[in-house]
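Each of the next two complexes has chain A plus one more chain, namely chain B in the first and chain C in the second.
Up next, the complex of A and B:
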C-alpha cells in the first residue's frame, strides 16, 4: 500500500517519468468528462492533475479571484512552479467557470504547446451525444496532428480494450467493499485509485494485481463502528479518508470526480469507438454540472447505500465549488428524507484542520448511535 | 471505597474542565483549570482538583470510568473512551434540563450549535472553526483592548444606549477597527455592544443552519458573558435559558454522564 502512497507524493511520479523515457506523451486532464481510454491511444498517457502537498497558492492568488476554489488555485500554482514539466499537453473541460479560468491563465502564463478545451453539453440527448462525439473527433485530429499519434478507430479500439481490462480490475477490488467485513480500508482504496489515475495504466496494473491478491487473503480490516460513503468535489488526498476512518467510520463507497462509483465502468462498445466514448463519458460521470440529472445521482447514491450497507453519507465540498456546493443543499434534504444520515463538510483542496474534521466525523458517527 | 464515581474531562484550548458524578448521577465535584501545553497534564490537573472535593476519592485513578472530550480528548491516554464535545455538550445540557433542544457552545477556539433529540442525543450540529471571529479568543482579545478582565468586559455593554456596529469579519481587523473607534472617543460600552452583536450574529447564522427550537441555552466559557447573552437573546428573539450549573463545565458533565451510563452498561 505504501507503494501507491509513494506514487501520490509527486504530481508526476516515477512511472510517468518512465513513460516519458520510453517516448510516451503524458497528457494532463482534470475532469472525468475526458474519457481516459481516449487519452490511452497509441503513445498517449492520461495523467489526472493533482497538487499533492501544496503549501500555498501565492502566485495563483495574483491571477485568480478570491472565489475560485483551491483545487484550481493549487493546479495553477504547481503549473507556474514548473511542477508539471513532464506534461506535454493539457485537456480541460469547462465543467465550471473555475476550470475555464485555469485554462485561460495557463494559456496566458505558460503558453502550452498543446492546450485544449473539450466542450461538454450539460444535457444528455441523442443530439448532445452526437455533439460530444464531434468534439472528441476534433480533439483526436488535433492530438494526431500535434503529436503524430495514431488516433484511428483501430488505435482507439485497442485503447478502449486496455481501459476496460483495467477498469474491471479496479471494479473487482471496489466490489470487495460490499462484504460485511471488507478486506480493504477506504484509505487504501483511495490511495490505489488515485495512484491508478495519475500513472500509466500498463505500468501500474501489475502492482494493482499483486495488491488484489494480497487483500483477497485478508479476513477484514478490523473493527469499525460504522460504514460510510463519501461523495462530493475533487478528493485526492487519502489522508482525508484516513482521518474519517480514524474515528471508526470505515469508508466503503465513494462518489466523487475521482471515485470508483460510477467512474470505473467499462466502455460499452457500440461499433464506432468515438461514439462509444462519447456515450461512456456521460454514463461514468455523475456531476452536478449536468442539468436534469439530479434524480439519477440521487438514485445511484440510494442504490449504493443499500448495496454497500452504508450507515451514513459524508458530503465533502471544496469551498467555493459552485457545482457541488449548490447541489448539496437539495441532496442533503433528499437523502435525509430517505432516512439516510448525512454529514456535510466544507474543506479546502489540501488536507488541513485534522482536529476539526475528527470532531465532526466522530460526532456524526455518535449521532447515528454507533 | 465501595461507592463508584464517574469522571468526565473536557480538555479545551483555554481551560480544562472536570466533573465527577456518583452512582446516583449526582454531581459531587467539578473543576476548571487553565490549559497546559500537554493535554494529558491538563486533564490530570482538572480531574485531581475535582476529585479533591470528594472524600472517598484520593486520586482520579479511583474513578470507575473516565470519558475524555474536547479538542485534547485523543491525548488523554488514561481515559476509558473519548467522545466528541458535541455529544458531550448535548448530554450535559440534557442532564441539566430535559426541555433544552438547542445549544450554542462558545468555546475558546470555535463556536458550535447543536440540536438535541428527546433522548439527549445529537440531531444536527454546525461548527465555525475556520477563524477566530465569534470565539472566546476573540472576546479575550477585545477585552484586552479595553484594558479590562473578562468579567468587567462581560457587563460593559449592558448600559449601552446604542450599538456601534463592527464591520470587520476578521478578528485581527476587528481589533484595529475597535482601536480606531476608541481613539475617536466613541463610548466604550457602545463599541462593546457592537462587538457582542457581531458575535451573536455569527451564532445566529450557525443556529439557523441546524433549525432553532426552544429552549435555547448557551454553554462554554462565553456563556458567562452577560452582554453577549443579552445580545444573543435579542438577535434570536427568544429567551436564553440559564443552566443550574456553571455553563463552562457542561462538556465535562456530559462526559461524566456518558462515563456513568457506559460504565453501568458494561457491568
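Up next, the complex of A and C:
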C-alpha cells in the first residue's frame, strides 16, 4: 500500500519518469471528461494533474485571485514553479469557469507548446455527442501533428481495449467494497486509484494486480461504525479519507471526479472508436456542469447507497466551487427526502483543518446513531 | 430616523426639492415631466388592477409580490441619478427611467392578467422567441437587478434566504437573489422554464433547484465554448429549434415566424439607433453618457428587444445626442475623463457615476454589457433569423466574455478603449464573478504595458454589505489621487 502512497508524493512520479525515458509522452489533464483511453494511444501517457503537498499559492493568487478554487490555484502554482516539467502537453475542459481560466493563465504565463481545450457540451443529445466526437477528432489530429503519434482508429481501438482491461481490474477491487466486511479501506482504495490516475497504466497494473491478490486473502479491515459514501468534486489526497475513517466511518463508495463510480465503466465499443469515446465521456462522469444530469446523479447515488449498503453520504466541496456549491442545495434536500443522512463539508484542495473534519464526521456518525 | 431627518429626506427626494435645487425653469420642467410620467405609470398599474380585481385583488397581488411596493420609490431613483444633470442629458436619464417604468408595468400586467402564458426564462435565453410564440417572457433574474436600483438593500432578504437554504455564500448574488425570491415564493410562476449554460457556473447550477421548486418542464440551451464557427452556430440553432418544439409541446405558445420577423426587424432598428448613438459618443466631450448608454441597453435589449417602447426610447436618445452634438453641449460639464465600465454595473450604487461625474468630471461612455459588435439579424427566412439570434446570444458580451480564450475578454476592452477614445478602464470586480476575477492579473499587466489607467473596484453586484458605498467611493478616490493625480475641485463635490 505504501507503494501507491509513494507514487502520490510528487506530481510526476518515478513511473512517469520511466515512461519519459522510454520515449513516451505524458499529457496532463485535469477533468474526468477527458477520456483517459484517448490519451493512451500510441506513445501517449495520460497523467491526471495533481499538486501534492502544495504549501502556498502566492503567484497563482495574484493571477487567478483568491476566489478561485484551490485545486486550480495549486495547479497553476506548480506549473509556474516548473513542477510539471515532464508534462509535454496539456488538455483542459471548460468544465467550469475556474478550469477555463486556468487554461488562460497557463497560456499567458507559461505558453506551453501544446495546450488544448476540449469543448465538452453541457448536455447530451445526438447533436452534442456528434460535437464531442468532432472535438476528439480535432484533438487527435492536433496530437498526431504535434507529437507524431499514431491516432488512427486502430491505435485508438488498441488503447480502448487496454483501458477497458485496466478499468475492469479497478472495478473488481471496487466491487469488494460491497461486502459486509470489505477487505479494503477507503483510504487504501483512494491511494490506489489516484496512483492509477497519475501513472502510466501499463507500468502500474502489475502492482495493482499484486495488491488485489493481497486483499483477496483478507477477511476484512477491522471494526467500523458506519459505511459512508463520499461524493463531490476533486479529491486527491487519501488523507482526507483517512481522517474520516479514523472516526469509524468506513468509506465504501466514492462518487467524485477522481473516484471509481462511475468513472471506471468500460468503454462500450461501437464501430467508431472516436464516437465510442465521445459517448463514454458523458457516461463515465457525473458532474453538476451537465445541465440535465441532476436526476441521473441522484439515481446513481441512491443506487450506490443500496448496492454498497451506505449509511450516510458525505458531500465534499472545494471552497468557491459554484457548480457543487449551488448544486448541493437541491441535492442535500433530495437525499434527505430519500431518508439518506448527508454531511456537507466545504474544504480546501490540500488537507488542512484535520481537527474540524474529525469533529464534523464524528458528530455525523453519532447523528446516525452508529 | 427621527422626524426632522425623515422630513429632510422626504424634501430632498421630492419634486419641490429638485425644483429648488435645479434653479432652472427648463430643467425643472423636464424633471417634473418625467416625475409625473413615472407616477402616471404607477397609477395606471394600480388603477387597472383596482378596476379589474377590486381592492382585495390589489391586496392579494401585493401579498404575493410584496417587492412591487419598492417600485413606488422609482422617482427617488430618478432624483438620485439626475443630480446636477441638465438639458438633454437630464432628459435622457428621465426617458430611460420612464421607459423602464412603462415596460415593467406592461410586464406586471401580463403576470396579473395572463399567467397562463407566462414563460419563465433565464436572462440569456433570447426573449424574441418566446414573445414571437405569443408567450409572456418573465426573466427570473430581472427583479433582483432592478430592485436595488431603487432601494440598495432590496435584495438582502432574498440573498439571505438563498444562503440559509444552503447556497454557497461566495456564489453570485445575482443568482442568489433570484433563488431567494423563488424560495420565498415571490416570483411569478409559468407553464415552462427555459434556461441556458450562460453566463456562469452558479447561474447554470441554480436551475436544478429552480426546476425542482417550480415542478414544470424545462429546456436548457447550451452555447459551446468554441462559439465562433459555422459548426457552433449550427449546433446552437439546432438547440433553439429544440427549444421551440419544446415550448410548442409544453405551453400554449405557437411559433409565428412572421411575428418573429417583426420583432427581429424592430430589434435591428433598435440596434442601428444604438450604433448611431455610439458613433456620436465617440465625440469628446460626449453628448450623452451613463444611464442613456448602459441602463437603456441592459433593460431593453436583454428583456424587451424590439418592443416599441424601446425603439421609441432609442430614437429619442439618438435625437437628444444629435441635438447636444450639434449645439456642442457636453453631457457632463467639464468632461475630463472618459471611462468604460467592464463587467456588470453597480445596481445598488447606481448613482456612483453621477457622483464621479460631478466630483471628477469622469464620464461613463460605454459599458461591457452594452458593447456588442454583431451584425443585424437577417430576417429573410426562419433559419436566418435563428442564426442571427444564435449569434447575438453567443457573441453577446456576457457570453463571449465568459467563453473562449482570454482574448475574448481582454482584447474587447482594448478595442473599446480605442474606439471611444477613453482615458481609463473601470473593472467592476464583482466578488461572485470568478471568471472575470481570474483575468485581473493578466489585465493588470497588459494595462501597465499599454499605459492604460485601470481601476478595479471590489464590490458585490447586489449586496452592499460586502463593500459599502463609502468603501467603493474610497477606491475611486484612491485611484484618482494615486494614479490619475487628480485633484478634487471643491466646487464639483457640492
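Definition applied: the second predicted complex is superposed on the first by the 370 of 370 C-alpha atoms of A that agree within 3 Å, B and C clash if a C-alpha of one lies under 4 Å from a C-alpha of the other, contacts with A are read in each partner's own complex, and residues count from 1 in each chain.
Keep in mind that, in the parts below, a contact is a pair of C-beta atoms (placed from the backbone, for glycine too) under 8 Å apart; a residue touches a chain by one contact, two chains touch by 3 or more.
No experiment lies behind these values; they were computed from the predicted model shown.
> Is this a clash or a fit when chain B and chain C both end up on chain A?
After superposition on chain A, chain B vs chain C: fit, no clash.
> Residues of chain A touched: more by chain B or chain C?
Greater contact footprint in residues on chain A: C.
> Identify the partner contact of A:105: answer first if only chain B is touched, second if only chain C is, both if each is, neither if none is.
In the superposed model, A:105 contacts chain C only, not chain B.
> Mind working out whether A:177 is in touch with chain B, chain C, both or neither, as first, second, both or neither?
After superposition on chain A, A:177 lies in contact with neither partner.
> Based on the superposed arrangement, let me know which partner A:366 touches: chain B (first), chain C (second), both, or neither?
first
> Looking at A:121 after the superposition, I want to know if it touches chain B, chain C, both of them or none. Which is it: first, second, both, neither?
After superposing on A, A:121 lies in contact with chain C but is clear of chain B.
> If you stack the two complexes on chain A, which partner ends up touching A:332: first (chain B), second (chain C), both, or neither?
A:332: touches chain C, not chain B.
> Applying the touch criterion given at the start, work out whether A:24 contacts chain B, chain C, both or neither, answering first, second, both or neither.
Touch status of A:24: no partner.
> Quick one: classify A:94 as touching chain B (first), chain C (second), both or neither.
second
> Of all C-alpha distances between chain B and chain C after superposition, which is the least, in Å?
Once the two complexes are overlaid, chain B and chain C approach no closer than 5 Å between C-alpha atoms.
> Over in the complex, which chain C residues touch chain A? Could you list them?
Within the complex, chain C touches chain A at residues 165-168, 170-172, 175, 179, 195, 197, 200-202, 204-209, 211-212, 220, 222, 224-226, 231, 235, 238-239, 242, 402-403, 405-406, 431, 434-435, 437-442.
> Name, in rising order, each residue of chain A that touches chain B in their complex.
On the chain A side, the touching residues are 353, 355-356, 358-360, 362-363, 366-367, 369.
> For chain B, which residues are in contact with chain A within the complex?
Residues 71, 74, 83-87, 110, 121-125, 127, 129-130 of chain B touch chain A in their complex.
> Which residues, counting only chain A, touch chain C once they are in their complex?
Residues 62-65, 67-68, 94, 96-98, 100-101, 103-105, 107-108, 117, 119, 121-123, 125, 127-128, 131, 134, 288-289, 291-292, 294, 317, 319-323, 325-334, 344, 346.
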